[in-house]
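Structures incoming, each one as structure tokens.
In what comes next, subunit A is part of two complexes: it sits with subunit B in the first one and with subunit C in the second one.
For the complex of A and B:
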């Protein structure tokens, strides 16, 4: 019964919530009514947008020494998670068989393990830093903590089920993934999709005013 | 039939008769044996039915010659038919670590409970003042907690793997235990290297301040203040903390290296090295778990004011004077003390009235 629920209705429900939720949120952001900028353009908005999208991958040299830990841990976590999500063999097979109908070359097992270790280590450092630094702790919301813990739990259940010997472990992982998908559109996890438009918007705003930032 | 014989040629009649004779010749012995009574086969008494191969294997196992033979198979120990050491290792594992590890851990917990019941929380003379001193940076606390969380996860999963057969199967049954063991094994192997990296970060962050110095021996001779009366002198870290630190580093590296040997069996290490690594891994882990229980006790309910060091990074000046007087002297010289209000502001909260009152009474 539980197996049927997790593999069937709950999976489709969570997938629908994720897809519809993300699309609605993106539409709300992109097509939301904004004030028309009537000022005379002093620079290129599109140039500023492109510049900002890429320049923000590297921290500004003035603050870089103070946020070195977050930058390194941030890259470790995000790159590790990206590699695990899209290039781990079980995920590639799952996407091919259940969603896309086509697959691609997956990582070797050792690379998968290393990538997941990077992701775990990075996320742990980021969340602990958020908890231990008084300023970060104050500006963090419940959503930040829930998102971090949920992501960690999803990764953990996936790794615990690596041996593929037990249906219960696979179901536990899939269930946490479903919770993650349902939570995703209504949380800070949306930054997966919004960080590029957000940077572009800020960059365009600066670029149009001739601000070199 | 008679008509056929009448019409047939003499040659063909001979052939038919020959065929019939052949048929009779073939069938008579079969029918005779079927009709005969079943005979009991009398095997000679006293013949042993033991597997003749056992003598060969006994010779392989107990011979005086070197255990390594010659084989066309290329690989580590591919010429060894029976690894006698493996039996000794298995017996040692079952009779020692599996047997004594739960006892050791329970004994430590019991000692701490008794100690707390008899001595209670180790207080600070004059209580907490509310005036704080920065002890650890954010980075140092992150390193500490990463190591602590990963260690706890590894300890838990490791104990499931070590003691699960004897302790968990009677409780959960075979299926649930095998599920738990499978998950523990995967999690343990995955988080092991993270522990090693955290350990290296721990060395880089804390090693310099944990080098033994003059005065540390006095701390040891007075049992960290538990023997005799009077104050025990200590620097930024006292000798107990330094010893704990070096134990974590040494045992941690021993566990990590032996763990890497165990988790990567394809790098040419033989079974003997694997068995030794396993023993080192288990003994080191049990030792570290046992002492870390003491560390957790001292850092939380055991000593007044200690937990704040790894929570906010600050400690009370009275706590510093009680446990680290040499460091307290440096702090006062450098005017590094923060008021209760300032500390509350740094932590992003309103000043606690109790803290302020305590500070004003100083």
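For the complex of A and C:
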């Protein structure tokens, strides 16, 4: 019964919440109210937007030495998670069989181990910093902690699910993924998508003024 | 709900646009912005973290625009915002932020934190949570026409002295002139040599220009306090003056926030585009130099550096022009370690210099500029903002440093070549 629920209705429900939620949140941002800037532009807003979307992947060199930990841990976590999510063999097979109908070459087991270690260590470092650093502690919200814990649990159950003999562990992983998908559109996890319009809006503003941000 | 809270919340709601929603949806509270803010780096007080200064706006977004806020509200368990949510942020926003924009340059998800802080400032100003010094300056700007209470009589006296010192006529209310020059309060009261320099340079370059007895003041206290209605009212005076004289261009003086108010925010404050062009004095001088109309002679031999005013460079895009102008006259020019669009603020922008309550904090954060200057061992600092210059002169005095602060326009005027026309 539980297996049916997790593999069936709950999976489709969580997927629907995720897709509809993300699309609605993005639509609110992209088609939301905004005022036209009446000042005469000096430079290109669209050029600035595109530039900013990509340039912010690299921290300003003036500040880079002071934020090395966040940058390194941030990249470890995000790249590790991306690699595991899209190139771990079980995920590639799952996406092919249940969602996309086509697959791609998965990464070898050793690469999976490296990527998942990167993701785990990156997330742990960022989370520890969030709790130990006075700035992060002050500005962090419950949402930040819930999102971090949920992500950690999903990754942990994912590793446990590799023990193929235990159906319960696979179900546990899938269940946590479903919780993650339901929580995603209503949380800071949305930054996965909204960082693009956020950077673009600011980049356009700088671009109009002829500032290379 | 009190009336002032309601007023503040109304402003915050009106300012909640798609940009703000994308910003709060993206912010992951990483705290990187703290390292870019001199109010944090010089005090180590986490409350000065830039994104924390936007908390009233974030709370409203969370309460009224997010899923969880709406759910809590529907269940009757939401925690409404109180007057304290605004009042407690007054000191952080007015005393602990110079609107320098450095945080907006480093946010990894691209949040323009400075813009959101300005929106919070707008709400605080409308709700009546603003420091006395700024309220007084704004009131004088509205009533008298200048935050320092400078009347046209004082301008006329400055014009008289300028004409006596230069032997040149200062054009006043000349209809159809190409350029209308504006002055900031500081340039009238503290640095009258700025007007003398303009007179000399424009005479040298053959520029058709004028001052206006209706629109002489460029300082915009409305922008400093964050009240868009007042800011618009002050911009409208300039627009009316410029339209009356039918000028083609309006020159923003060496004043950072005046440039922001006039060039970038002004049309949005008054709700219409200008029928004239706004140009910063450095842009104009650079254009004149490129056209061969501005020729200089001689070089400064002192070791000089340039302090980039935040509103002109980082938030205004005038980065190359001051360097283009300095290169021909400064043979020993050096850049500070962090310069250009990532330069550190003097600490007095965004109305901090007009806010007596912030005096101690302003001196504390000046330590960053002090160490920047000391690191490169210069003889003098050149800048192009009368407010930066005044704040740095105070900082130098406070720290008993021997460091002259020079205005770029004046330096150019001192190096003018002989007129050829």
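A few notes on this one:
Everything below uses one rule, namely that the second predicted complex is superposed on the first by the 213 of 213 C-alpha atoms of A that agree within 3 Å, B and C clash if a C-alpha of one lies under 4 Å from a C-alpha of the other, contacts with A are read in each partner's own complex, and residues count from 1 in each chain.
Criterion: a contact is a pair of C-beta atoms (placed from the backbone, for glycine too) under 8 Å apart; a residue touches a chain by one contact, two chains touch by 3 or more.
None of the values given here were measured: they were computed from a predicted structure.
Taken together through their common subunit A, the two structures put subunit B and subunit C side by side without a clash. Judged by the touch definition given at the top, the superposed model places A:125 against subunit B, while subunit C stays out of reach.
Looking at the shared chain after the overlay, A:163 reaches subunit B, while subunit C stays out of its contact range. When subunit A is checked against subunit B and against subunit C, the one touching more of its residues turns out to be C. By the touch criterion defined above, A:116 reaches subunit B but does not reach subunit C. Judged by the touch definition given at the top, the superposed model places A:27 against neither subunit B nor subunit C. In the superposition on chain A, A:191 contacts subunit C only, with no contact to subunit B. Residue contacts after overlaying the shared chain place A:69 against subunit B, while subunit C stays out of touching range. Judged by the touch definition given at the top, the superposed model places A:19 against neither subunit B nor subunit C.
By the document's definition of touching, of the two partners only subunit C reaches A:37; subunit B does not. In the overlay built on the shared chain, the residue A:138 is in contact with subunit B and with subunit C.
Here's the short version: in the overlay, subunit B gets within 5 Å of subunit C at its closest Cα pair. With the contact threshold set out at the top, residues 133-135, 137-138 of subunit A are in contact with subunit B in one structure and with subunit C in the other.
On the subunit A side of its complex with subunit B, the touching residues are 69, 113, 116-117, 120-121, 124-125, 128-129, 132-135, 137-138, 156, 159-163, 165-166, 168-169.
The part of subunit B that touches subunit A in the complex is made up of residues 138-139, 141-142, 145-146, 149-150, 178-179, 182-183, 185-187, 190-191, 193-194, 197, 311-313, 346-348.
Residues 17-19, 21-23, 25-32, 34-36, 40, 46-47, 49, 51-52, 66-68, 104-112, 115, 263-268, 271-274, 277, 314-317, 319, 338, 341-342 of subunit C are the ones touching subunit A in the complex. The part of subunit A that touches subunit C in the complex is made up of residues 25, 28-35, 37-40, 42-43, 52-53, 56, 59-60, 62-63, 66-67, 70, 74, 130, 133-141, 143-144, 185-186, 188, 190-191, 194-195, 197-203, 205, 209-213.
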